[in-house]
Structure formats: structure tokens, C-alpha cells
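There are two complexes below, and they share subunit A, which is joined by subunit B in the first and by subunit C in the second.
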Partner chain A sequence: MAAPLVLVLLVAVTVRAVLYRSSLAGLISERVEVASPLNAWKRVVEGLALLDLGVSPYSGDVFHETPLVIYLFHFLIDYAELVFMITDMLTAVALYLAVQDYNKVLFKKQKLLIELDKYAPDVAELIRTPMEMHYIPLKVALFYLLNPYTVMSCIAKSTCAINNTVIAFFILATIKGSAFLSAVFLALATYQSLYPLTLFAPALLYLLQRQFIPVKMKNKDFWFYTVQYAGLYLGSLLVIICLSFFLLNSWDFIPSVYGFILSVPDLTPNVGLFWYFFAEMFEHFSLFFVCVFQINVFFYTIPLAVKLKEHPVFFMFVQLAIISIFKSYPTVGDIALYMAFLPLWSHLYRFLRNIFILSCVLIVCSVLFPVLWHLWIYAGSANSNFYYAITLTFNVGQILLISDYFYAFLQREYYLTHGLYLTRKDGTEAMLVLK
Partner chain B sequence: MEPAAALLGLLLLVPALAERATAPVRDSLREELLLSPLPSGDLAATFQFRTRWDSDLQREGVSHYRLFPKALGQLISKYSVRELHLSLTQGFWRTRSWGQPYLQAPAGAELWVWFQDSVADVNKAWKDLSNILSGIFCASLNFIDSTNTVIPTASFKPLGLANVTDHHFLRYAVLPREVVCTENLTPWKKLLPCSSKAGLAVLLKAERLFHSSYHSQAVHIRPICRDAACLSASWELRQTLTVVFDSFASGQGKKDWSLLKIFSRTLTEACPLASQSKIYVDISSKGQVGGKDTEQYVNDAQLHFSLTAESVYDLLDPGLFNASRSLNVLLKWKRPQDSLAMVAPVLHAQRYVSGYGLQTGEISTVVYNTHPYRAFPVLLLETVPWYLRLYIHTLTIITKGKENKPSYIHYQPAQDRRRPHLLEMLIQLPANSVTKITIQFERVLLKWTEYTPDPNHGFYVSPSVLSALVPSVTAMEEEDEEQSPLFASLFPSFDGSSYFVRLYTEPLLVNLPTPDFSMPYNVICLTCTVVAVCYGSFYNLLTRTFHVEEPSQGGLAKRLANVIRKLRGVPLL
Partner chain C sequence: MSENSMGLTMVEEQFVYGERALSYAREFAGHKKKAGGMPVAWLEKTMWNLGLEVYKQSFARTLPFPDELRERYMVKGTNVYGILRAPRAASTESLVLSVPCSQGQQNNQAVGLMLALASYFRGQIYWAKDIIFLVNEHDLVGMEAWLEAYHNVNVTEIQSSGMLGRAGAIQAAVSLELSSDVITSFDLAVEGLNGQLPNLDLVNLFYAFCQKSNLLCTIQGKLQRSDWDSLPAYLHSLQTLLLMVLKQGSGRPQGDHGLFLRYHIEAVTVRGINSFRQYKYDMGAVGKTLEGMFRKLNNLLERLHQSYFFYLLPSLSRFVSIGVYMPAFGFLILILVLKALDLWMKLSRCDVDPADQSCDGGPMAAEEPRPSLLPLVPPLLICHATGLALYFVPILGQHMATQHFPVSESEAVVLTVIAIYVAGLALPHNTHRVLTGAGSDRGWMMLKLLSLLYLAIQLGCIALINFSLGFLLAVTMVPVAAAVQPTGPKALQAVLLVLVTPAATLLFGIFLYHELIEYPISVLEGWQRFLQAIAEGLLDHHLYGSVVFPFVALFVYPCWLLLWNVLFWK
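Let's look at the complex of A and B:
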């Protein structure tokens, strides 16, 4: 099992090494889809240059990385390419191990439910077999490493890859059941990009499930465990933030990193929804709409937690997707992370309604991004609306993809308990509707 | 009737006379005009009106103003100004073809002020001061705010008497987009004691002054030593105005000129309040050999001058005026002259933007040191607005193909919508060298309300400022700049081997990407629709559960259809 993974890793390293040496590297690192103001490599280098000049990197509005990233690259600036290759490999391996473990858990759970007769009798074809689950971890690693989005992100040296690694380690720690490491990595991820804060809920649900603690308000164990996990999380967050303070001896990074994420002052075009909306916004509504748009990331967490109480890993996947759609400076690297999970849900394939159209939309949009950018910025024959239109389509595509997966997941769960071949009272084949 | 009027006149005169007797006149006005033909065939006219007042303006209660304009005097005492320098300029001084300027100013409006160290809130004083100056000079100085104000650390030292050099009391701003025209000239002329009624200011006729290649008017206020002992300070107000006339083009290919031709006026008298009133004609013609071939005429009567660097006409000398009481200075060339290739000034610079597209770009500044054997350092100040995001790590300084490391560098990065980039560097220029300074920037997409009314015209970037102590080239230069009558004392003079020069490069015009200004509503609607699509589909999935579709009794449509079917006699649905 390890041999194919090693092969995939080798292929991925080769692809990256070749691209780093090619002339494409410069071109890719300038792409706005790959490098956002928050994580562009050019800005990391600028921050280090400012530090060398004796100017605080946070005194200007160019550098928005966290102090730990400065210190990481302060020592590793000459090995940056290597660092980004290694982070990608680590992400893939972490996802591989996490998915492998999760599949085992899933299989055990399925076996238990069958033994308990919780499934309808005619759902044999929905039952997952070890055969089909065998290659899923490898496919996840493959999907992450050879996804063009990840490759481009790595070539552009977008620090998004580091965020992805931290989140992958968080997922691994959660699935392995280590509450402490999970809290630490979640704190790190939150510290890096704020939005992973919402992953607290699925992680807690998963850990509770692993400890066989029912999620009930009256349950004392539930509260004890929740407080313990929250304490670990907040404690490590506090430690990391204080550490950052002592590294630079100032709190300047808080407004410069988190204020920048939340108030969206930089309107450089990207694949997200924010930039054009706030470029065209009337000044006195600006604050209101910033709040409305930012709330989208956090808004779905509680209802999702209620609905997907039993399926925290799927919840995590949906939440990651929501983050990458609604974060203020999204890049394709964020999208690559949740896309890596798609093979994990390959058993939902038969319930997906318009996967073909949506994949076409996403692929066509990805191709059109650079084309319309060129027409707007360089050729001058198009205007900003063209690029804006394609970001809208891309985001609609992503939203529909996620809701399609969500729909398919719920539908499969329904079929598992109620039987695959539903009949009406009069014996004809029944339709399933959402009511 | 007549004795009564005389008595009245006497009564009015008595207090004035009494005051004159008790307090000696403590203020003076000197007016000067320098006419210098430029190597390219153009003619530069530089006016300077110097008002000096032996009074302590900082002290409260100074209320009697004679020559010094009250508007400016009150400003100085109210805002505790130590020094004030304002220039309004239209056009660009072409150093390469016109030679070193006497006093260059950047295109647009430039204001720099040193405040007294007693000022607590310098930013507020600066804001108020620029607003008042905006009113006085009818200029858009009220657009000076934190986004275009910088605090240079080394480039702008006080020019007058000063013992404080804490740069926190200095503010500097340039508005490169400012258009200078008649409405700025009129208030400037009104500050003169004789206004434009008498003296050299008679020549300042707006339609001629603005029909020129370069027009720059300035106000410099500074404290100076009252006497050689320098125990107390006097205030000095210099109002200068530089115009470059394209006389070669307007004179049908001849370089001859006269006061009447260029100003369409002649002089009638000196300003009665002036203690000095002189016209200098620079006949040395920097870099030209034709100096000896000129003839000068005053009132059409040929006078013979000794071939010194300048010819001087003292307007206070009554013998200068002819019977018609008018003075016209005329210069005729004996032989038709071609524009001779001039010797490039020791220090000059040019600046441009390179790169294509609206994503990134590069600002290049090329600084020339043409001195054959002396190297000297130059202080470069760059102020770049925040919407061009500079990347300091891309800064390269190349001299003679080698990297030139600046010995001093001060960089203050911009903050979006709050302050501009400020870059100050001390660069050593080797003898006879060209130094190229490049820095890359990124163009920012602004909010639609932040664009100027004509966004595709582009955005101006203020000129960079070069300050240097330039060594004299006695072997090359026929005239020593320091001997110039006009500005000998404005810049601090150093030893005879070098002189201070401040140069401004071209302002830049940079295009930024623009959003579509016509569709804010569409964008708000469309983006909100996408958010609603997400909300809608998630809301559906989160709040509803799956049910087997039960055969319904049919809605209104189905019942209606059945009624029609029954009428038609076809099977019901």
C-alpha cells in the first residue's frame, strides 16, 4: 500500500521540480487566482525585506502573514521551493493516513449497523465493500497532489499550502482521536487564516463520537469534554498569539492580519465574491455588507452541526468548501483542499444530479480566468465585468457542487434506512422529495 | 477750498510722519528680474520680490503691517510656522535643454512647512494651514491630506535661521495634478506691496505669462538673521515667478527679444516702496559661445556694455528712463543663431514608468552625473501614492553595470487610504556616470468612488526630488551659479567648490485598472443572488427531510384541467 503512495509522491515532486525550473513559474506566481494579497510569495519576500530594513513589516499594507511565517521563512528563505514541496507532500500523507483511518472506522460502523439491523433489507448495493474502499486514501492523496490547483499554488509559493498542511494535520489528529493535537493544529490553522475557527464544531463532534459520548444537552460528559476541548483550543491559541507577540514585540500583527481578513480593504481581483462587490459598493453600506458577507462562513456551522451530527467528517468537508467559497481572499489552493476529499465520497456518485455539468463549469471557468484576465488587463479589449462574470459562474459552480454532494449524502442516508426501492401505497415506484 | 484740502492732507500726514520719526523703517522690499536666454533659444524670466521685516511675528499682538502681507503674517503667528514654501507650477523645467534652473519647482502644487517645536498637534496645524493657503491662493491645496503628505527625514532642511532639525515638525506635500492659471496669479500679485500697479510687477500680465512653456510661481517665508551678529531674527518673504517663453518659435526663428515683445508691456517706474529694483540680463548664455555676438539696446539706443556675465539696469536710476518715461530692454543677435548643443548640466535626472498591462509596472529613475572627475552623493526622495503598491525588495540601483548600495535608506511603506510610500536614499554618484534606480509596483483596483472623474486619464505620481551638493566645474562652466544675484542666499552656501541643487523629475501618469462605473446596482444584485443561491440550497437541505412523494389530490391547475377534460370528453388526469 505504501509503494503506490511513494510513487504518487515521486511523480508530484518531479512535476513540481520541473515546473519550478521552467519559465512558467514566474507567470504562475503573478496569477491573481493563485496568489491573493494574504498569501502571495512576493509579499512574504517584501515582509522579510522590510524586516531587513528595520521597518516593521506590519507598518505598511503589503504584508499580511503571521509572525510565525516570517520566522519560518527568515531561516528557510533560500529553501523556499523545498519547503513548499515538503508541505504539499506532508499534506498528502496526512490526508492519506486520515482517510485510511476514517475508512476503517466507517467500515466498522457499517458492520455494526448491519448487525443491529438498522439498514433496510434491499440496500445491499449501497453497502460499501473493503474492495472499493481500498484505493480511496491513495486517490485522495493523488487528487491533492496532482490537482492542477495544488500544483499551481505550490509553484507560486502561495502560503496557502502551509495553511492546507496545518488543516490536514488537524484532520489527521482529529481522526486519530488525539484531542490535544487536534486542538493545537486547529489553533494553528485559526491563527493562520481565522476561518478554520468554524472547524471546531465538526472536530468536537468527531471526538465525542469516538469517545461514545452522546451529544445531549443534559449529558454531563458532553459538557465536560466540550469544555476540555475548547480549553485546549483556546489555550493553544493564546500561547501561539503570545509567542507571536514576543517574536516581534508588538501587537501590530492583529489588525494587519485579522483586521485585513475581516474588513477586506484590498480589492485585488481574485476568484472570490468580495473584490468586485466591494469595489462597486456605496460607501455608507460598506460596513453592513462586509458583515453580511463575512457572516456566511460562520452562519452555516450550527445548522450543519445539527443536521450532520452523526457525520462529522462530511460536515468538515462541507465546512471547508464553505470557507473556500466565502472567505475574503480565496485562492485555488483553498479549493484544492476540499476537492481532495471528493474521492472519499465516491460512493455518492450514483446520487449526484449534475456532476457532469458542474465539472464542466469548473473546468471551463478555470480556463477562462486567465483568458478574460488577459483581455481586461493586458489587451484592454474587455473590462472588469468579464472577469467578474467568470468569478460569479465559478462560485455558482462550487456552490452547486457542494449542495449536490450534500443532497446526495442525505439521500443515501435516507435510502439506507428506508430501502432503495421505495414504493407508494398503490405499489408504483415512489419519488423521493424534500419536504 | 484749497487751503482746507491742504490742511486735511497735513492732518493725515502728521501721524504717519510722527511714526516714521519714532520708529525707523524696519521693513524693505527689493525687486529683481533676471532675463536669461536659454541654450535652446527660449527665454527665461525670473522675478523675485523680497520683503524683509525686522519684526518678531511669533509674538502675539503684531498688528501693524506695512510691506509684509497681513494675510501671511497672521498665518505665521497663528500656526507657529517656522518656514513656509509654496510653489504653483505649470509645465516642466527641462534641465537637459535649459540647463540648471535657479529654483526649480515640481509640476503642480508643492507645499512644505516647518512648524515651531511649540506646536502640539502638527497634523492639525498642517491641515488648517493648507486649507487657509488654499483660500489665499485659490489653489486646490485643501486636497492635501494624510494620503499625500509625507515627513521627509533628510531631503528638506530648513533654509532659514533654525536650530531645530527634528523632522517631525516638517510636512511636505505635492499635488501633481494641480492646474495653475490666472486665478492663482492674481492673489499672488496682490501680496506685493505695489501690487501690479508699479515696478517690475507691471510686466506680470496673465495672458502673456500663461502663454509660455513653463510657469512657476512661489512663496518662500523664512526667518533670517537681522544683522551679521545674528542675535535676532527677521522675516523674509520671497515671491518668485519664473516663466520660460518660447521666443524662438514666436519670433519667427529669431532669438531676438524685448520686454515689449514678451510681456507686451514696458516698464514705467520702479515700485516707490522698493529699496532696490533691478533688471539683470544674462548675456553669458550658459554653454553657448555666442555671448559675444549680442547687442543690447535700451529704448532703441544702443548702449555698450562690458562683456560681463550680467548687464544690470537699476530702475531707481532716473537716467534710465527716456522722455516717454518707459523702459524697454531689447536684445538682438548680430548673426542668426542656431540652437547650439548645450553642455549637459552636472546633475540631471529623468524618470519614467515601464511595463505593460494594468497589473504591475516599474518606475525607473535615471540620474546623470556628468562631472568629469568628481563623485558626489545625491539624496533622492520618492513619494508614491498608496494605490501603486511598491515592493521595496525589487529596488535596484545600477551604476556602470554594478550594483550601487545606498549609504542611507529610509523607507516608510504606504497604508491603504491613509498614507503614501516614502523612500529616501543617499546614493553616491561616481564621476561621469549614469545611475538607474528601478522599483516595481503593483496597480491597485480602487473602490469606484475613489477614482478621479476621468479615471482612464490615469493617476499622477509626484516627481521625485533630488538634492545634492554639486561640485562646480570651473573648467567647464563659464558662469558660477553662486554669483547669481537672485538666489545667492536662499540655499545655504557652502565652500566655493560646490553648490546646492534641488531638482525635480517629471511627474508620472499611471493607469490603474478600473471597474465598470455604470453598474454598481447590477453587481450588488448579481453577487447577492449568488449568495442567495447558496443560502437557498443549504436552507432547503438543512431544514427539510426526505419523504416519499404521495399521490396528491391535485392542485387547482389539475382540477381545472380535469374540468376542461370532462367538457371535452377525454379521460381525466
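Let's look at the complex of A and C:
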């Protein structure tokens, strides 16, 4: 299995190397869909220049990356292209290993449940075989590396790639069952972009499941483990933040990074939902609506945790998608990360209802972004409403895609336990309606 | 008119220098003849004497291949412009009046009128925006050089000297073309590069002043009929509309104004026409109209933005807005989407029930239960490689072609384009050798599904940028694209498919155009025009950045080849 992975990596490196040398690189790195105010390479370079001059990089309201990233590039600035290629490769390999491991776990669980006779008798066609699961890790790596979104964000040297790597390592550590590494990487991811904080819940659920600790309020082990994991997480977060403080000798980065993420002062258009809304709003309402908008990311975590208690990895996927849709400065690089997981759920394909239309919508929107941007900014014949309409469609498409997967997942679980051919009490064929 | 600051009753025109315009024109003609080109020194001196700040800008451009129609290859020239500084403002905004200095006796009167207007404007105190009077050499090439230098960018490979004098952001521009001492009517050209249009308010402004001074004005050379609700009048409007669609779809600037639009400057070209009508207007009347327009533009508080940017004009006083024509186009695209959806349903039915004989050729299905995208990769790659060849080879290979064949460079380029285009038709036979085990029905269905969606996306995107181009391509390609399949009468389908390729559309477009301007041409002439149009398309792309040729070569043509592959799927 290693050979195809190496081949995929080689192809990905070639594509990136060619694009770095082409004239497209400059064009792509200017695109607002790829580079947000948080992670644009231009801003990192600006921050570095300030740092070299002995000024705080956060003075000037241009640079909003974290201190660790700027120190990373302080040493590696000459190899920036290489760094971004390597981070992409690392992400792909981490996802590959994680998915491989997860598939083994999944298969074992399925075997166990079959042996325990938990499944309905007529669901043979829903049972997954090692044959079809064999290529899934490779497909995941392929989906991540050759996804145009990933390629573009790598070419634009958006530091989003680094966030993705950290999250991928977090997923790998979680699935391998290492609570310590998982907590450390989760803390790093939170430190980088704040929102991965919500991934705490699925990670904890997964680790508990691995330790065979039931999620019950009265269970002492449960509380012990939760406190332990939370302690590890908060401890490493504290260490990282203090490290950043000692690097720069100031707390400037807290308002400049996290304040910037939470209060959304920069309304440059992007693929997200925030910019247009807050550009149109009267100033004195904005605090309230910032809260409303930000709460979206965190709001779904608890209901999802209750519903998907038994399936933490799917929960993690949904949560990643929610983050990339509702975060304040989303870029296509964030979307690429959760899209990499789609092959993992390929067995849900028969339950998906709108996959064709939704993928068409997403593709069309992606193509229309630059067209409408051109009409708005360069030709001056369209206006921001056109661009926002596409942004809105794009996000609605993503939300529908995720809910489609969500319902498909629940539907499959239901069928597995209740049998594929449901009958009503009077013996006629029944339809499953999910509400 | 939607713009509030351009209400009609606020200005009174008093331009009286008609005679002076004619004397300037005669003087200019004399100096032009003597200099054998643009009389730079004389223009500078005259403008200086009028009290303008005069600058010149020299430029040079080597064309990618010789332009046979205008007989030019290495272009060198000078633009001369004078700035009238506004007495009441700080040079932050400006207006442009540009006149191309063309070869022969063309446009002398336009230069004369421009100078007379400059001398008149100089004496007025109400200007709040600087006015730039520009004489550009080598029409569009000079215009592009001037605009690039003015905005300090270099998007084409033009070399030009830097620019010393500027006058703030240009708000609007009028390009004037006038070749006779008296005129019978004005013609207005709106279509710019890539089919971009100026704000409708500028068109309305022009129309309002023509009405005010009782000037006849036409669009696409067609006069508006007084009765508008009779059948012949509808047909007349339809002809005007079709002419506009064809011109806009070509993506060529229909006058010097066309290049301004790319820089977010609203601009139109006004042409004086001298025909056999009885009633003629002298320079005074023409000058008054322009004076009025400039005074109105001078009153602007913001860039023109109130009115429509997307419209089609069946006559000067009526327009079709985007809200009316886009749904119609949407329905055209819907055909493709619905057909694709139909194919998708068929494909997924095959998936669920692999034993279904109707969708798959029997035993093949059992061996390969899951659809694989792998067999689609070779046709996609090969079609796009052909597209890339179509785009790059003609220009790069022209020298080799002239060495080996007795043709000139521009002929070589055009013939290479046609050769590669036609060679693409032989592709299905070659791609099949690369394909392995793709003989199933599912193969062509997926390929067709893919190409239909691809086509729909392309047409949708181009219709937003250049509606007419998208519409022309959609009307021709969509029905056949939706219908094509490897079963059924192959010869008929092949003929239909060939008839709707973009090249054939161009050929029909040329005949239709000449039919509409009531100047029918023979088949041979049509062919000549066709070759010319290809060369012009390439030149437009390389000189000004028109997207029509690359769009067709890199996207539409490969997509059409995919459909061609579907037809010959084995």
C-alpha cells in the first residue's frame, strides 16, 4: 500500500512545484477565496519584516498570525515553498495513517457486532467488506493532496495549510489512542485558530470509547478521564501561550489574533458569511450579531455530541465542516480538510439524496467566485451583492451536503439495527422519515 | 436617465467656434500630409497656444504576427495630449475627449473640432474636472499604450515612455470620429473589449442631447423607426438587436472607447456620418452636442453607477435589461442540466441494479460493478492538450511554417489554427487506442454527463462576462450537445455537431452580420472574412487582452471535442 501513496505524493509535489514556477502563483495568492486576513502570506512577510526591525509584529494591524508561526518562518523563510509542500504531505500522510487505523477499528467493531447478532438479518448488503475499505486511506490522501482547493492554498502559501497539518496530527494521535499527544495537538490547533476548541468533545468521546469507559454521569472513571484529558489540554495550551509570551515578551498577540478572530473587524470579502452582513449593519448592532454568528460554531457541538455519541469520528468530520463553514475568516483550504474525509463515508453513498446537485452547486460556485469578483472589482459592472449571492449559495450548498451526509449516516445506522426492508404493522412496505 | 446630477435642463450650450474647427481641421490635414503621419510638433504647438498643458508619449509594439488588414507589424507612434486644468478643483478627477489620428484623410475634422472645443472650454470658468484632449496614433494600439501608461500598469507587452502629466482619476471618456465638414447623423458605438458596455446613463445622455438639438442619431447604423408597435418596426428592432449581439459577441472594441471600459471608465465612441440625406448639420451643432455632454459629465458627483451595466439595445431609446434576458438564457442552460440529471439517474440506476440489461452490455457489468472515472481521464487530457496546442502552436510555430511553406506569417498563423482545429476531429480514433476496456454504455454516458456539465458551467460564466458570446454559443451548441449519443443516425449527428462548432458559428455569424447591414457577400468573400476574423481574434487577444480566442481554444473547443468523442464512442 505504500507504493501508491508515494506515487500520489510525487504527483502532488510535481503539481505544486510546477505551479510555484508558473505565472499563476501570483494570481492565486491574491485571491480572496484562498488567502484571508488571518493567513495571507503577504501579511506573514510583513510581520517578519516588522520582527526583523525589532518592532512588535502586531503593531500595525496587518499581521494576525500566532507568534509560533512567525518564529517558524523566521528561520525557514528561504524555504517557504518547501515548508508548505512538506506540510501538505504531512497532512496527507497523517490522514492516511489515521484513516487506515480507523478502518481497522471499524472493521473489528463490525465483526464484533455481527458475532453478537446486533444487526438485523437482511442487512448483508450494508456490511462493509475489507475489499472496499482497502483503498479508502489512499483515496483520502488523494482527495486531500489533489483537491484544487488544497493545491491553491498551498500555492498561495496560506498558513491555513499549517493549521490543517496540526489538525490532521491531532486526528492521527486521537485515533491511535494517545491522549497526551492528542491533547497537545488539540491545544496547538486551538492556539492557531481558536475554533478547533470544539473538537475537544469528539476527541474525548473517541478516547473514552477506546478505553471502554461508558459515557455516564455517575461513572467515576468517566469523570476521572475527562478531567485528565481536559487538564492535559489546558496545561499544554497554557504552556504554548506562555511560550509565545516569552518569545515576544508581550501579550499583544492575544487581542491581535483571538480578538481579531472573534470580533471580526476586517470585512474583506471571502467565502464566508460574515463580511457582507457586517458591512451592511449599523455599528451599534454589530456586537450582538457577532455573538450570534460566532455562537454558530459552538452551538451544534452539544446536540451532535448527544446524537453521535457512538460515532466520534463522524462527529469530528461534521464538526470540522461546521468550523469551516461558520468561522469568521474561512478560506478554501479549510474546506479541503473536511472534504478529504468524504471518501471515508463512501459507504453512505446509497443513502445520499442530493449528492449530484450539491456537488454541481459547489463546483459552479467555485468557478463563479473569480468571475463575479472580476465583474465587481475590475469591470465595475456588477456589485458586491452578486459576489455575496454566490458566497451564500456556496455555503448553503456545503450545509446541505453536510446534513445530507448526517442523515445518510443516521439512516444507515437505523437500517443496520432494524433491517433494510422495513414493514409497517399492517405488513406494507414502510418509508423511513427522518425529522 | 437615472443619474440625478445629469438632469436635462441644467446646461445651456453656447459653442460657436464651428468655423474655427474647420480651419483647424484644414491646417491639421496639411501638416499631417507634410509629416506623413501624425504632426506631433504642430499639435503640441497648437495645444500649447490654446493654453493647455501639453505632453506626449511615445510607444512601440511589435505585433505577434503581421496584421495584413492594416498592414502593420512593428508599430511605433506618439500620442499627444493636452490637459485643461479645472480652475475650481484640485485635479483629482478628469474627463477625456479622444480622437484617433488615422491614416489618409480620415478624422481630420474630428481633430479640428477637438481643438476648437479645447479653445472654447479654455475660456469657461465652470469646469470642476480636468479635461484631457488626446490625439492617439495607430488607433487601438495607441489608446492601449496611453491607458496603460496613464494608470502605470503593463498588461500587454507594449513599450512606452512614462507619462509626465496626469489629471486624476478619469470619470468618463468620449471618443470622437468625424471625417466630413458636415454630418447628417451621429452613430453611437457602445460595445467594448470583451463585450463590456458603458453605463446606460452615458448612452442616455448622448441620446438626450441629440434629441435636444434635433440631431439624427443611430445605433448600429440603424435609425429608430417612429412607429414602434408594428411588425416591420419589431423586425427592424430585432435587426438592430442582432447586430449588437454579433458585435458584442465578437469581443472586439467597436471604437477607441472600448479599451477605457477595462479601466472602469465609462466611455462611448461617437461617429459623425455623412450620407445622402438632405438635411445636414455643421460643426457648430456637433460641437454643441459634445459641449453639452461634457458639461453634464462635469456635474457628476460620483462615477456613473445608477443605471444598468448589462443591457441590449434594440434602439437608442429602448433597452432590454439583464433581468429580462438572463432567465431566457437560464432556461437554455437548464436543458443541459436536466439532460445531465437524466443521465445521472440512468447511471445510478445501473449502479443499484447491475443486472439491468438496458443500461449495460451484459457480462461487462458484473465484472465492474462500481463506476470508475479512470477511463474518462485520457479523453479529457487529450482534448485539453489539443486546446492548448490550438492556443500556443500558431504563434510559436509561425516562423517554422513560413520556412517550409510558401505562405506569409499571418497566413501561416491562420492556416495553422484551422489545421489544428480540423485535426482535432480525428481524435476519437486516437483516444480509443489509449482507452482500455471502456466499451460500455456507462463510459459514454459518464463522458457525456461530464461534458454537458462542463459546457453548462462554461456558458454560464461567459454569459456573465460577455452575454452575447455566451448566448450565441448556447443557442448553437446546446440543442445538439443535449441530443448527441453514439447510437442512432451517426452521420446526421456528426454533420449537426460539425455545424455547431464555434468555428462554424463564427462563419455563420459573419454571413448573418453582412446580411443585417444590408451588404450581402459571396461565399468566397465570406471565407476571406472568416480568415481575417481568426487573425483579428488572435491579434485582439495578444494586443488588448480579449478573452474570446483563449476561451474558445482552451475551453469551448475541448468541450466540443469531448462531445465529438461521445458520438464516436465504441
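The criterion applied here is as follows: the second predicted complex is superposed on the first by the 434 of 435 C-alpha atoms of A that agree within 3 Å, B and C clash if a C-alpha of one lies under 4 Å from a C-alpha of the other, contacts with A are read in each partner's own complex, and residues count from 1 in each chain.
One rule holds in what follows: a residue touches a chain if its C-beta (ideal position, glycine included) is under 8 Å from a C-beta of that chain, and two chains touch if they have at least 3 such contacts.
As the structure is a computational prediction, the values presented were derived from the model and not from experiment.
> If we overlay the two complexes on their shared chain A, which of subunit B and subunit C does A:Phe356 touch? Say first, second, both or neither.
In the superposed model, A:Phe356 contacts subunit C only, not subunit B.
> More subunit A residues touched by subunit B or by subunit C?
B
> Please work out whether A:Glu280 is in contact with subunit B alone, subunit C alone, both, or neither, and reply first, second, both or neither.
Only subunit B; A:Glu280 stays clear of subunit C.
> Pick one for A:Tyr378: touches subunit B only (first), subunit C only (second), both, or neither.
Both: A:Tyr378 reaches subunit B and subunit C.
> Examine A:Val367 and indicate which partner it touches, taking first as subunit B and second as subunit C; both and neither are also allowed.
second
> Based on the superposed arrangement, let me know which partner A:Leu10 touches: subunit B (first), subunit C (second), both, or neither?
neither
> Give one of first, second, both or neither to describe whether A:Ile77 is in contact with subunit B, with subunit C, with both, or with none.
neither
> Please report the subunit A residues shared by its interface with subunit B and its interface with subunit C.
The overlap between the subunit B and subunit C interfaces on subunit A comprises residues 378.
> Under the touch definition given earlier, write down the residues of subunit C that touch subunit A in their complex.
Answer in residue numbers: 196-197, 261-262, 264, 303, 305, 309-310, 337, 340-341, 344, 352, 453, 457, 460-461, 464-465.
> Given the complex with subunit B, which residues does subunit A contribute to the contact?
Against subunit B, subunit A makes touches at 30, 32, 42, 45-46, 48-50, 53, 55, 59-62, 265-269, 273, 275-283, 293, 296, 300, 303-304, 306-307, 325-326, 376-378, 383-385, 388, 392, 395-396, 399-400, 403, 406-407, 410-411, 414, 418, 422, 424-426, 430-435.
> List the residues on subunit A that touch subunit C in their complex, please.
350, 356-357, 360, 363-364, 367-368, 371-372, 374-375, 378-382
> Touching residues of subunit B toward subunit A in the complex: what are they?
356-360, 386, 389, 391-393, 409, 411-417, 421, 442, 444-449, 513-516, 519-520, 523-524, 526-527, 530-531, 533-535, 537-538, 540-551
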